[in-house]
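Order of writing sets the chain letters: A, B, C and D. Residues in each chain are counted from 1.
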Amino acid sequence: MATPATLLTLAQLNECSAADFTAALGGIFEHAPWVAEAALAGRPFPTVAALHQAMMVEVRAAWREKQLAFVRSHPELGSKIARAGLTDASQVEQGGLGLDRLNEQEFVRFQTLNSAYRKKFGFPFIICVRRHTRDSILARFERRSGHDADTEFAAALDEIGLITRLRLVATVDGPGRPLTTGQLSTHVLDQTSGRPAAGVAVALYEIGVSARGLLVMTRTNDDGRTDPPLIVGEPLRIGRYELQFGVGAYFARRSAPPCALPFLDVVPVRFAIAEPEGHYYVPLLATPWSYTTCRGS
Amino acid sequence: MATPATLLTLAQLNECSAADFTAALGGIFEHAPWVAEAALAGRPFPTVAALHQAMMVEVRAAWREKQLAFVRSHPELGSKIARAGLTDASQVEQGGLGLDRLNEQEFVRFQTLNSAYRKKFGFPFIICVRRHTRDSILARFERRSGHDADTEFAAALDEIGLITRLRLVATVDGPGRPLTTGQLSTHVLDQTSGRPAAGVAVALYEIGVSARGLLVMTRTNDDGRTDPPLIVGEPLRIGRYELQFGVGAYFARRSAPPCALPFLDVVPVRFAIAEPEGHYYVPLLATPWSYTTCRGS
Amino acid sequence: MATPATLLTLAQLNECSAADFTAALGGIFEHAPWVAEAALAGRPFPTVAALHQAMMVEVRAAWREKQLAFVRSHPELGSKIARAGLTDASQVEQGGLGLDRLNEQEFVRFQTLNSAYRKKFGFPFIICVRRHTRDSILARFERRSGHDADTEFAAALDEIGLITRLRLVATVDGPGRPLTTGQLSTHVLDQTSGRPAAGVAVALYEIGVSARGLLVMTRTNDDGRTDPPLIVGEPLRIGRYELQFGVGAYFARRSAPPCALPFLDVVPVRFAIAEPEGHYYVPLLATPWSYTTCRGS
Amino acid sequence: MATPATLLTLAQLNECSAADFTAALGGIFEHAPWVAEAALAGRPFPTVAALHQAMMVEVRAAWREKQLAFVRSHPELGSKIARAGLTDASQVEQGGLGLDRLNEQEFVRFQTLNSAYRKKFGFPFIICVRRHTRDSILARFERRSGHDADTEFAAALDEIGLITRLRLVATVDGPGRPLTTGQLSTHVLDQTSGRPAAGVAVALYEIGVSARGLLVMTRTNDDGRTDPPLIVGEPLRIGRYELQFGVGAYFARRSAPPCALPFLDVVPVRFAIAEPEGHYYVPLLATPWSYTTCRGS
């Protein structure tokens, strides 16, 4: 997660003026500086998590009219039209998935879903984009469009909780900073030598209809791991992935003469991530003729 | 291997007239009825393998001029122009790989290789097509183009031996019929139940630049195997393959409620076949969270 | 299963005299020639299974008094005292487990269970010994001692059905001979070569408090299997087992110089058999540094 | 490794009086305070490793007569007679393996080897006991007895280097403390849930003719690991081991109803440790019907 150079500390926020507090945190909740203002009374906050919780309590305790206005102030997903109104944070979040660069077909699909959703519920579809791939957003969009209004209003507030927690973490440092980030790592073990397999090419792809494709291209270090882990310090995006391991090239470097057409060359391991805050450890125990993989942790 | 309805028996060939013998076997060696005629003297043959060996002895014992004429009489690979001159057997063999349906780029590549090869060696490139994929043919073509003339002449005769053995097997039945065919099979074991995994969707693809794509689409039977094996009764084509196992759907049918986004869905196993007459057994030991695969036998 | 030299055929039994029929089958049901006599009327039997079923129908249709007398005529398990009264078949069956060679402690345990069981139910504990190890017999003995009388009487008849089916199979050949025999086999795959591991020492032990110890000592053949399978042609005995694979010695023969103290030497695989008529395939996928095993089928 | 309460610091040693330095380190080298005295001149030492190296340089640079006297002053292994002369450090080291509690047969074997060795070489057999099991000591003893005198004198000095490094580490703290300790750990992954297997009983045994038997009995924590690792902070003893995992009980707790006789109950994994300073990670990927283990790192 990119950390701004000027990360505030919780201590600073606990001691600064009301105006500075609101200025610093007013943007965490979309177009709703009143959330920060209301939370001000709870100072001092012992932890960053407590600060976030206090802000969410204000949101959940607000009158329904105020909540609704707040929810309605969120931008539509993938909307070219709405882009002018995006807050900076929203722009970064949606841009990470390329939601601002949809092709015509995708744009139409989002537009159709957005219209139907807004017509049914009276507010835009809200989802914590940073925990999703485009495919999982579309899947959720369609599923949630079938909900009733109360369920969906609750879902919108829950997603706002997830969105703002991530924003707060990127803004404020301090004890109890809720580092609820996921991690994806791998480990390649050479079963012919009983040692870590060093120098194995590893590539990670997001796969699926609207997938981003290649995410990471690296090699295993002397411990058979990648350095850094494949994904670390940010939520994992719910979606489908493929790891590719250059097993054939690795064993070819260790055998003489190398086989022209080895049984195993690039080994693909295709899996899904369903828990953005989970730790996914996907090791590969390999020989030139076999492998085992699993979800470890 | 498609067996013609009227497969001859070795007993019939051992007893029939010389004319019938030659008529029956004259087409096994491309445009060279003299091979069958010369082998006639060796009757009776105890086995089909002995008959084939006797014919190859005649080829190898012939004068170089005669051998050369014989080798030269073979068609060029993938040549649209030469197609008029293809024997029926050649047409079937080359058609199986789609060598008669090359796109422009592939056609040009074969033409270039063919011209250079013929210019260097004075005879066309001969390869037992039924043991190869297009990719492996092109790889061999390029490698063999670098050989010297003697090595390559010997290689041409060896390939003719492989080609004619397959043709003989498709023509004559009897003891010692050289069923040197490969086999590719799989077996899916459900490690959560200790039982074969029945009803798992299995697809086999040929992969690579010029690959044929989907070859087999089937399901495992109650024993966790496919019925029949994935490839049986014919040489395996040297090349790269991908097996896909519908592991996610299988476990979803057995769990309540099924997971919306299972860790493993379609499990790909990518491997190469290098021995056309080998037995490749590629089992999958699977759970919803792990699998092991290997080359068994 | 040892097949007597003079296995009768079903055809012979269907056509012979009533006296011969009864003489041949009178011993199948312990001290109860009346079962064979009564079944005689059902001739001709299309299958051996139908013959057995007809005999069991007579048993189950008999008056309770007659059934009880029949059940009571069975010998006590592991009783030195009762041994004089054992039929030949019982002697062979119980001798196979060493029930006629119990040590003092085991003898006392069986005696205590026998007395209590007989006192509670009025008939001896009956179990198809050939489907059990001593440990599983004792476990069943204790569990069944807690049943009520009706449950236990039904259990005794069920066990008699299992016992006599095995006896009939050893006496009569013919269509539908119920070869409901279990099988235990293994398969060693060398994952460093992608080939079957040939010449691996394999030992099978029965383990447990009263276990028989070493059952089989053999080596894998060129296909990595044992020839014959470890147990075949007879019911598997419910119990605990350990397979030992000489993996270290196998890889030492293939590497130069061999490691003085290899990571893996003798690999033990400990497992239980719970289904006497099941097929247990316990393969080992091995490298010098790793292995996978499972229940296959 | 038990750390004495009064571990000296390297800084203290670098600054203290010569007398204190010698008093502190005089016992590191068996009956040879001259080593510490000679090394004194090299102060200050930047690291503990440098201090050890400096002391070994003195040993290796000494006249052969002095070296020989030094080597000869070491106690005999497992000698009841010699025990009176053991330094405290030697007593602890040899006691850890039970070399002071040998049975008659073992005592005789050590005595015989000791006599023959001393007769051949003129000094006692020296080995860093803390890196060995009794079985590996006996194996080395027999192998080394066959060496020539020069090889064996060099081996004795090398072993003294290993012994004194461990003693120094237990005496002096500071930068570059050579923590060349091995580690043995495990990790149990439940392949039916894709989660670490928590609460699995794990036992570690040393196995072999003269083995110490049970070393550790513990359970896996929520991460599927043992806390602490099975062996940590001291050299691993070269020898054979067996890990036992209570896989059956673990899965029985998670299934309803539990199977009376599960296919897998206690899973044994037998392996050898050949590198005392190595990291051995022996994970178990398990289902109720299968498992994979390997040497990881």
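By definition in this document, contacts are C-beta pairs under 8 Å (C-beta built on N, C-alpha and C of every residue); 3 or more make two chains touch, one makes a residue touch a chain.
Here the structure is a predicted model, which is why all the values come from computation and not from measurement.
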Self-contact between copies subunit B and subunit C, residue sets same or different by half
same
Of B-D and A-B, pair with higher C-beta contact tally:
A-B
Provide the C-alpha centroid distance between subunit A and subunit B, rounded to the nearest whole angstrom.
48
From the mean C-alpha coordinate of subunit B to that of subunit D, what's the distance rounded to whole Å?
58
Can you pull out the residues of subunit C that are in contact with at least two other chains?
189, 191, 194, 263, 285, 287, 289-290, 292, 294-295
Classify the inter-chain contact topology: is it line, ring, star, complete, or other?
complete
Where on subunit A is subunit D touching in the complex?
187, 189, 191, 194-196, 223-224, 285, 292, 294-297
Per the touch rule above, subunit A residues touching subunit C in the complex are 189, 191-194, 263, 285, 287-290, 292
Over in the complex, which subunit A residues touch subunit B? Could you list them?
136, 238, 240, 259-268, 270-274, 287, 289-295
